[in-house]
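Look for chain A in each of the two complexes below; its partner is chain B in the first and chain C in the second.
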Partner chain A sequence: MNNIFKIIFSTSFGYAILRVTTPILFSGLGAVISDKAGVINIALEGTMLTSALTGVIVSALTQSTFFGVIAAILSGIFVSLLLSYFSLNLKTDIVLTGIAINLLASGGTIFILYLVAHDKGISTSLNSKVIPNVTIPLLNKIPILGPILSGHNILTYLSWISVAIVYILLYKTPLGVRIRAVGENPEAAESVGINVNKIRYIALCISCILASFGGAYMSMGYVSWFSTNMTSGRGFIALAAEAMGKGNPVGTLLTSLLFGFAGALSNNLQSLRIPSEFVQMIPYLATIVGLVIYSIRKTNMLKYKKEVQNA
Partner chain B sequence: MNKDNIFEIFRTLMAIVISLILAFIIIFFISKQPYVALSKFLLGPLSKTRYFSNVLEMAIPLTFTGLAICIMFKANQFNLGAEGAFFMGAVTATIIGIKFSLPGLIHPILAIVCGGIIGGIFLFIPAFLKVKWNANELVSSLMLNYVMFYLGIYIVNYYLRDSNAGAMVSYKLKTTALLPNLIPKTRLHYGILIAILMIIITYFFLFRTKWGYAIRMVGFNSKFAIYSGINNKSVILYSQIIGGIIAGIGGATELLGMYSRFQWQNLPGYGWDGVIVAILSRNNPVLVPIAAFFLSYLRIGADLMARITDVPSEVVSVIQALVIMLVAAESFLAKWKHRVIAKKAIEEIKAEEVNMNEQYI
Partner chain C sequence: MKNEILRMENITKIYSNGITANKGVYFSICESEIHALVGENGAGKSTLMKILFGLEQPDDGEIYLNNSRISITSPSLAIKNGIGMVHQHFMLVPSLTVAENVVLGLEPRNKGFFDYKKAVAITEELAQKYNLFVDPNSIVEDLPVGMKQKIEILKALYRGAKILILDEPTAVLTPQETVELFNQLMHLKNSGHTIIFISHKLNEVKQISDRVTIMRNGRNVGVFNTSDVSENDISRLMVGRDVVFKLDKNIKKLGKTILNVKNLNYTSETGKKVLKNISFSVRGGEILGIAGVEGNGQRELVEIITGLRNYYEGEIVIDNIRINNLSIKEIRELGTSHIPEDRMVYGVAAQGTIEENIISDRFYKKELNHRILMNIKKVSDISKDLIKEYKIKCSSSKQKVSMLSGGNIQKVVVAREFSSNPKLLIADQPTRGIDIGATEFIHKKIIQLRDSGTAILLVSADLNEILEVSDSLIVMYGGEIVAYFDDTANVTEEELGMYMLGLKRQSHDEIGRVIYE
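Let's turn to the complex of A and B:
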């Protein structure tokens, strides 16, 4: 038990939390935007996987990190177009479209990885680039906080900035108003001349772009290679983070940190004498427990509201 | 057969044809020997009895998870835990197969029944969370899959692992527990009979019982179902429990029929395949085996192709995804349907007018 506390109360553990949180936070913010527009984006998982592979391949081919990230984002946009076209134009249930895209991503990435790297498991034969870590001057001098907050990957910092960007986009811009209007009541939005499908196209596009940053981080920052199904459910955890964060960017940041904590704990406890299966289970169990706590609170709130109305 | 059904069949076939064409184009682009690849892909499974038997063998687990997803989707419950329930069913069958000594016949039956019960218990969790606190069953069941996976791997590694085997596998199951082969020289086992039985039971359950009717009503229009006195909550609960039971039975059957010890290191993915089967079969249990056979045929064909040519078998994932999206697309070919209906209506009106005119004359 002492060992566990020793691990948790170290600055390297704080650093690890932020490192593990990044992809969940990106996807969680993606989930926020699509959910605000009234469409549930199950394809976050597949989007992350697709852009993780695209980033690795393109950065290896061009020997440029920048082009790798750009390509990763473009692949995310492509996935969002596929998702939007089927769910909005052809009226396929968006959950089923999402499932289909996830299956496509999980098989398709293996397919492409095999064609490019002649390996079905891992991309180490490709000489792919990584996104650099940056040390922030002054911040790194602060005791305790310095080692936790400084020296992260550029994308980790971008994910924090994204929280603010998503907040401003949703609550301070005309597009944000439209997105929320479409999500609240599509008929009402339509009646005042908002093109519902167009707004949803945009929302899903932004949502997938955010997820593809998360994907690029996975294969070009968190680790320096692509391996099959490397996202292992992070896109789904992000959905839970968004639901528990009440669809709010700041709330999503907090819940993502919670799951980041569970993930970091799971990574660090593997050295202890606890069966690794249980340790690896932690993030998923934490998500279920978190979802239940959130749902209990929500049901209680509804009950309370009803009582107030009746009184 | 009415017009709607014919239209649905036509649409499904069109979706399959379009997806296959896309796969062919991809094969032509990437392969140095596209004709060999295509002929292996399409005709390979028919070339040997053993290969065709492989198709039937793989169709068995797909049928089980397809039926499980069918029942849950029919009640409009997006529970995707069939994957984990299937896995846990197999683990349970392994425990019974190793730790119990029973005569043949009874041994596999006990293992399969226990597998079903465990599957049902696990998928009860997301259902319960939904009924009690309105927690989204989609997210909770997705997470539960990972929990079930690690729990199953833990059980196998710590209690059943054969340390002499070199790889991470369990002890050999007692031979009394295994399902015998149905046809000599193939691996086709008695599980196919269990699958057929399951199809019949599921069909009767869904279309001939009160509970099945309630499931269909809740899935069709849950508000209407509540107003007409159907207990919505109990339907949500038992539809998912039954889904879990079927998936668990499937996992146990697969393990006892195809393996002599537990050797999965990953989730086998049959739960997701069940979604494809359920969508292809329009959540109709009678069509599930056809859809399962189709998917299994594609898989085996792709495997045979990958063995001989330079095309990886994962090309199937393109077909699968496109088929799901097109078949489930409400607007896919809807214009064509409207045109047919409109044309027919106009003809009928004209015919009536002619009749009317004749009467006046």
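Let's turn to the complex of A and C:
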């Protein structure tokens, strides 16, 4: 027990939380945007996986981190177009299409990995690049906070900035007002001349771009290689984070941190003598517990109202 | 005669399910006139207007604006051509503010960002100019319907509409709000706007319009100067027969008390006392009307009695059973029927078929099931009978409700609620959006139910309806019962108005007479 507390109350654990949070936060923000537009993006998981592999391959081929990241994002946009075309133009069910894309990404990445790296498990034979970490001057001098907040991957900082960007996009721009209108009452939006499908295309596209940053981070920051199904459900955890964060960018940041905590805990506890299967369960358990707490709070609020009324 | 501004020629529209909603319709309007469009439910009025606004494409026909041919393939093109529309079912985004709704789709910008301050300023300026006062910063979902309608009109005006289509704008308004709307429409007309006005209330048509176009079965059956025709002429052309406006009612035989509301108090989520000490009873074989300007607690009262709203103080008893802790389904099982005020929210599942909507309150009952499977044949037989009885205009009982005309959607709700042999019927605006022929039919049905012993609570913003149909009535003002009349025949509209506006109220004892055991 003591060991566990020692782990949790160390600055390196704080650092680890933020490190683990990054991909969930990116995808969670992606889920915020698509949900606000009234289109559920189940394909976040597949998008992350696709861009994780694309980033590794292209950075290895071009020997450029920059091109690797750009290619990762382009692959994310490609996935979003696929999803949008089928669900918006051909009117397939968006959830089923999302699942199909996830399955395609899961198998497809292994296939391409094998073609390129001649290995079905891991891309270590490719000399791929990583996105650098940065030390933030001054901040790194502050005790406790410094080691937790400084020295992260560029994309980790970008994910924090994205919270503000998504917030501004949704609440301070014309596009944001339209996205919210389309999600809530598409007929109303259409009746004032808004092209509903176009807005949904854009929303899914932004959503997938955010997820592909998360994917690029996985294979070019979190670790420096691609391995099969390396996102292991983070796209779905992100959906839960978004739901618990009530579809709000800041709320999603907080819930993502919660899942980051659970993830970091599970990573660290693997060094102790606790069955690893149990430890790996923690993030998913946290998802369920989180959702339960959320709904209990909602019911309590209703009960509270009742008491106020009867008083 | 003034200049013609717009003309639709030979418009034909066949929906994908084979229904021909418009057959070779010719329709023309002049500059700064108020032009009424009338016709029975399903006559094709909304369809014609949707074509004009680019929401539907005609299969044949042309549209001319100022004598040059235009094609309107989308609402944005209609807007560009100066045509605006206020829909029968509002097109607002509930969680956005009034200002955001007004400018939606054409947002003011400042360096690429949404300029909310400007949006507020624009809304205020338009509100000033056209006497349509709204608070730009309120969230739309909290607003009463009259206010929502103003927002819709402002939306159209902001887009520069010269021609304004209003699809049944008064169906959801109180008499006071209607007066206000008419003043605003006159104001718009005088400032050079043309207004197309759809309504089932012929007195309104007479009052406000310059000309009237009458539709029947998808055809234009005549255009008149409103002053040249009487209400009776119009209704004869619409329905093809004379409509009796007077109901003859039998002498009633009163049964035991079915609904008993005792000392009901309710505070809304926002902390406002909406219902204060409400007590009344309704006996079997009696129609108790509730008159009052909308927003004086009627909606909350109805929602509490039907179980849609909880957490109140006081006691409600239906047929000797206290319903305070019962679910909606349990309350219905006691024999309660409910025609809700807002048919699209509580009345129907718009994406479901007519059949599905009709059995939605009884699908679990024995007679509709073979062991674990549904008795599909029975379901469709019941539905077909009701469609026939209530003259619901549709292509089949499997048609989606969202594809019906507004009045026919209301008929689906009424058919379901009337056919479950209720002991208690709560009818909240039962004839909203329904044509005069069908209104007459529904009123007769209500009286028939009463004669078979049902207790009926009738809520209506339409004074005529209340006075004509109900046997006795209470008036609500500010969440309280301020008057009770045991015989509607002795009440005049003027007197009722005084109570409704809170200018008069009866003594405690007089009001107390509405409680029986």
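Keep this in mind: the second predicted complex is superposed on the first by the 295 of 311 C-alpha atoms of A that agree within 3 Å, B and C clash if a C-alpha of one lies under 4 Å from a C-alpha of the other, contacts with A are read in each partner's own complex, and residues count from 1 in each chain.
Keep this in mind: a contact is a pair of C-beta atoms (placed from the backbone, for glycine too) under 8 Å apart; a residue touches a chain by one contact, two chains touch by 3 or more.
Since the model is a prediction, treat every value here as computed from it, not as a measurement.
Participant: Considering only the touch criterion stated at the top, classify A:I206 as touching first (chain B), second (chain C), both, or neither.
Facilitator: A:I206 sits against neither chain B nor chain C.
Participant: Which partner chains sit in contact with A:P275 here, chain B, chain C, both or neither? Use first/second/both/neither.
Facilitator: first
Participant: Tell me which partner A:D93 touches in the superposition: chain B (first), chain C (second), both or neither.
Facilitator: Only chain B is touched by A:D93; chain C is not.
Participant: Quick one: chain B or chain C, who's touching more of chain A?
Facilitator: B
Participant: May I ask you to decide whether A:L149 touches chain B, chain C, both, or neither, giving the answer as first, second, both or neither?
Facilitator: So A:L149 meets neither chain B nor chain C here.
Participant: Pick one for A:L29: touches chain B only (first), chain C only (second), both, or neither.
Facilitator: A:L29 sits against neither chain B nor chain C.
Participant: Output check: A:G107 vs chain B and chain C. Expected answer is one of first, second, both, neither. What do you get?
Facilitator: The first partner, chain B, only.
Participant: Determine, under the contact definition given at the top, whether A:I288 touches first (chain B), second (chain C), both, or neither.
Facilitator: First partner only.
Participant: After superposition on the shared chain, which partner residues are touched by A:L49: those of chain B (first), chain C (second), both, or neither?
Facilitator: neither
Participant: Per the definitions at the top, what is the overlap between the chain A residues touching chain B and those touching chain C?
Facilitator: none
Participant: Show me the residue ranges of chain A that touch chain C in the complex, using the header's touch definition.
Facilitator: Counting only chain A, the residues touching chain C are 168, 172-174, 176-178, 180-181, 184-185, 187-194, 305-306, 309-310.
Participant: Flag every residue of chain A that touches chain B in the complex, lowest number first.
Facilitator: My answer: residues 42, 86, 89-93, 95-97, 99-101, 103-104, 106-108, 110-111, 114-115, 120, 232-233, 236-237, 239-240, 243, 275, 277-278, 280-281, 284-285, 287-288, 291-292, 294-296, 298-299.
Participant: Mind pulling up the chain C residues that touch chain A in the complex?
Facilitator: The contact residues of chain C facing chain A are 53, 55, 74-76, 79, 85, 87, 90-96, 100, 104-107, 109, 112-114, 155, 159, 266-267, 269, 310-313.
Participant: Quick one: which bits of chain B touch chain A in the complex? Just the residue numbers, please.
Facilitator: 30, 78, 80, 129, 133-136, 138-140, 142-144, 146-147, 150-151, 153-154, 157-158, 272, 275-276, 279, 312, 314-318, 320-322, 324-326, 328-332
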